[in-house]
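In the two complexes below, chain A is the common chain; its partner is chain B in one and chain C in the other.
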Partner chain A sequence: MSTLEAPVMTNRTVKRYSRNSLGALGIGAVVAAVLVVLPAFVGESSINQLTQFFSFLILAIGWNVLAGYGGMVSIGQQAYLGIASYAVLYLSLHGVLSWWAAPIAIAFCGVLSIPISYLAFRLRGSFFAIGTWVIAEVCLLVVAQIESLGGGAGASLNDLNRFSPNTAGDVTYWVGLAIVLISLASVALLLRSRVGLALMSIRDDELAAEATGVNVMRTKRIAYVLSATICAGAGVLLILSNLEVQPNSSFSVQYSAFMIFMVLVGGMGTFEGPIVGAIVFFALQQWLAANGAWYLIILGAVAVAVTLWLPRGVWGTVDPRNRRSLVPLRHRVSVSATVESGE
Partner chain B sequence: MTNTSPSPQNLFEANNIVKRIGTVVIADGVDIHVPAGSIVGMIGPNGAGKTTMLGIFSGNVKANSGTVVFKGRDVTSVAMAKRARLGIGRTFQIPRPFDKLTVFEHTLLAVQQSQSVSMSEAHERAIFALERCGLLKLVNEIGGDLRLLDRKRLEMARAVALDPALVLLDEVAGGLNNAEVGQLIEIVLSLRDSGISFLWVEHVIRALNATADRIVCLSGGHLIAEGSPAEVLAHPAVIESYFGSPAFMSTAS
Partner chain C sequence: MVWTNAVVQGLLLGGLYALFSVGLSLMFGVMRFVNLAHGDFSVLAAYAAYVLVEHAGGTPLWTFAAVVPMAAVVGFFLQHFILDRALGAGELSPLLVTFGLSIFIESALQQGFGANNDSLFLGPLSYQSWKITNTLYLGRLEVIVFVVAVALISGLQLFLSRTQPGRLLRATADNPRAAALSGVNPRRVRALATAIALATVAVGGLFLAMRTSFTPTSGSNDLIFAFEAVIIGGLGSLWGTLLGGLILGVAQTVGSQINPADGILAGHLVFLAVLAYRPQGILAARNAAL
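Our next item is the complex of A and B:
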């Protein structure tokens, strides 16, 4: 990898790529390229369904950063989902085209999450989880008071009506695809950085991390802000595809249940887990959509079954020690030639 | 009364430390000094508060009063993570590995947090710390998978990777067999020779006998003895307090 200057005899190289990961990056690039041109080949309803899928995938990615890599179990990430939806609505009412409002709304949530983190981080463990939920409920109650944004009844997003449904659907799909790709890339970059390693050390043992020099609060805050920003991406996508918002649904704790389901089923704290989990969740949803209450009953049964028999989730079972990861996030040291033999 | 002016020959000074937990007095005006390049052992009966004292020195426990001076700088109000970056490493009595990180990532983390060096240099230093603590063969293992001896070595390696001037050891020899204690002694001595000082809390007297320049005995909130290993271990108050009175010895298992 580079010239050795330390007083060592053997040749050690630290690898972050494997054949696995290079292949996976290639396949990922092909899949992304296919997804980009897909609207030219498939019908509008499929595109809209994929957009819906993207919004769930983004939520899973956002929750996994926080809980899977940062060890912070939040059940209040819907706060950022709802605020982002409403930020898009607000901007569109003030003359900003909704698609352009999307990045502004996402950035706004990222900034807003910084002061909120100071509030939430006063609590730990299960208290943190409940606290984040309370914060989300407070956001809901405040937004429902704002009459210009539709109050408790909600409002619809009208500025995209001047485009044909086909065009609007396609552009929103691309916006969603962009958010998915940017989310995945930013999570991968975070995890490859020294902040990412510090974050995982805090998740595994906060006191030991501190004793190793890790600035715990700062590191957690970075993960929290990234997670909030990603979850805001899902909120933006939901209002762009549904073209309406309503406080009780935008800030619904149900989204937290979905995020937890997807990440637990897919594999918490693995890069691939949220993708697998979102696919499973979306497939179940499509398959059971017609069956009303059975949908939630079966979802619950799947969650119970996975917790009992696949506690690491699907990807965590395939790759329990993070050695087959498709994305090069971890380190492998190869020691070539002979090191001292025996004890 | 409180003399906080740093004396240059001492790498580390804890001055007039007072610590009470409830009604228990851990320390009632204790002074502990570690000269640069030396190994200071700390003994004392169970429950004397040795681990609490290490907490005060490393920064995760607050003393009621007293000052902690490191490299001539008052670090009494400096947080544990900052003290680690300044060069105070510590190990935990019950090892606290990062369960899902590889052995290499443990030392890499320490290097990255404490030293601003290029990535390849950080990799080299992380591997070097493992080599010094005899962990090179386990470099790609997962922290949570290690057995006790290796966990203790990993505690050491993680502290050593901080490039520290002082390492606080908390019963690293406990639970190890004779041969393993021997290996540990060699590791500590070689680290000392490379310039790292140690404050070593230990029940395995043999380890301190072989390494320590000085031993202090903490009991009832005071240092009841202080001096060379031979002096301290022969001190009547130490035998009485630490090893127990003859009546206590006969009932203790």
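Our next item is the complex of A and C:
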């Protein structure tokens, strides 16, 4: 053991892309390309099922931004889901074709989430969670009173009826696929930016982050707005595929249960986790949906068990140190050192 | 006169809401998280009473003697086997675990009892009332519930401020590490807090089931009302919680007086207004955690 520093020649290289991530990006591109042309090859029911799957995947991505990377547990993201659905309905009633209404509705939710964040951010931790829920309930109660949007009974979206069900299903599928890809890309870009780094530092230690000069409120707000915008994408997709809305189901807290389940099972705070979680959730739902409340009983029990015994989720357990990360989100230093003298 | 009536009925209802909040703020004080299944335990207690009355008969009033101790025992084990583990598993874990528990309880009740409204019927007591003036009647049950709720809250506040276990609870809430260093067993204090929380919320659940009705999913609303009462009143003392409950109750009944569908919305709006203008709550105590 020497207390003197041995002269060391180091050869450091900073890399963002690894062999894994380059391969994964390649596979991802192929999968995306296959998904784009898929409607030409498979039947309508599979396409509709995939659209359903997309809406859950989008929800998981949106919730993971907030809780997994931002450390903020919300049980009120269904507010944006419902408002986006209703915004599409409103625009279609005013002559905007529903597919074109989709981006407007999503943008509207993103803007709306800014003032709401000022109210929600008065609360922290547990209180933030329930506070967001109350805000979602307020949205529900207000929307249920707007008679022109169907009131408590809901309304159906009629302007896509002039297309054949096949065409409508395919276009909606592509809209959904686009929202999925844009959501994934925007999350990846956020995480690679300074803001993303600041966000994760706040999640890990808010005080330390603030002390090192991170603008905590602004960073959290960016995550909140992005999450709201993504969840709005799911709301848009749900009304486009179900062609009807009803306040109690659009603003249902069950969506929060789904989001939490998917992200927890997949792996909170990992990029890949929500995708894994959404696949597990979708499979579980297809398998158990016929059994009524049983599937929610299992959902709740699994959420408890995963939190206690598998806190990193499936993906986090497969890849505990985030080494196999399939998406190039971080810089990595690889060092090859040669010690010239010393012990 | 309708307004006086609305306010009085609101106060009576608010006492009950405060009873729901007491356990929530007690657990938050000691463990710094909100039990998201809090409301569902009140509904669970109501169903337990429902089943007991169905099998053993008699007035639902006797079920207090069975259900409330049962709830305390459940609270003890819940803390011991699930929540303590969740507390050790990370900051967000208790929230996620209790939310999972909430979904579990609600859907299990739905599976077992269906989505119907049920109620605990007390015979004549359910509809008898005292006439105050020609337009103001006080339901006997409502008044009894209010008196018992306020008495319980006062008793609990006395317990916290005057007894040894109460002091340990407050010490742990103020500074868990310092309390543990001076010999307090934190696991036992946490189990005590959860046992009290579940016992009080069971009393609230039975009362609510007697006053109105309950469904497997009504626990969500109970939780939200309890939370709103805590925030409106301000953390710091159970008197604040009582005040928050009363304000919420009055907001709801006055809201329904304006438009029958708007009662709950009015309560939410009062909550949001407090959040916007006085986020520390109306009666927030300085530096007090319980």
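Methods note: the second predicted complex is superposed on the first by the 320 of 343 C-alpha atoms of A that agree within 3 Å, B and C clash if a C-alpha of one lies under 4 Å from a C-alpha of the other, contacts with A are read in each partner's own complex, and residues count from 1 in each chain.
What we mean here is this: a residue touches a chain if its C-beta (ideal position, glycine included) is under 8 Å from a C-beta of that chain, and two chains touch if they have at least 3 such contacts.
Since the structure is predicted, the reported quantities are computational estimates derived from the model, not experimental observations.
> So, on chain A, is it clash or fit between chain B and chain C?
Fit: chain B and chain C sit side by side once superposed on chain A.
> Return first, second, both or neither, reflecting whether A:V138 touches chain B, chain C, both chains, or no partner chain.
A:V138 contacts chain C only, not chain B.
> One more residue to check, A:L119. First (chain B), second (chain C), both or neither?
It touches chain C, and chain B stays clear.
> Just chain B (first), just chain C (second), both, or neither: which does A:I75 touch?
After superposing on A, A:I75 lies in contact with chain C but is clear of chain B.
> For A:T212, select first, second, both or neither according to whether it touches chain B, chain C, the two together, or no partner.
Only chain B; A:T212 stays clear of chain C.
> On the A-aligned overlay, A:P311 touches which partner chain: chain B = first, chain C = second, or both, or neither?
second
> With both complexes superposed on chain A, which partner does A:G300 reach: first (chain B), second (chain C), both or neither?
The second partner, chain C, only.
> Quick check: superposed on A, how many Å separate the nearest Cα atoms of chain B and chain C?
9
> Under the contact rule defined above, give the chain A residues that sit at the interface with chain B and also at the interface with chain C.
In chain A, nothing is touched by chain B and also by chain C.
> Across the complex, what residues on chain A touch chain B?
1-2, 4-6, 8, 12, 14, 194, 197-198, 200-201, 203-205, 207-216, 269, 321-322, 330-333, 335, 339
> Within their complex, state which residues of chain A touch chain C.
67, 71, 73, 75, 119, 122-123, 125-127, 129-131, 133-135, 137-138, 141-142, 145, 253, 256-257, 260-261, 264, 268, 292-294, 296-297, 299-304, 307-308, 311
> Per the contact definition, I'd like the list of chain C residues that touch chain A in the complex.
Residue positions touching the partner: 28, 32-34, 36, 82, 85-86, 89-97, 99-108, 110-111, 220, 223-224, 227-228, 231, 261-262, 264-265, 268-269, 271-272, 275-276, 279.
> Provide the residue numbers of chain B that touch chain A in the complex, in ascending order.
Touching chain A from chain B are residues 58, 60, 79-82, 84-85, 89-90, 92, 96-102, 104-106, 108-110, 112-114, 120-121, 123-125, 127-128, 131, 136-137, 139-140, 142-143, 158-159, 162.
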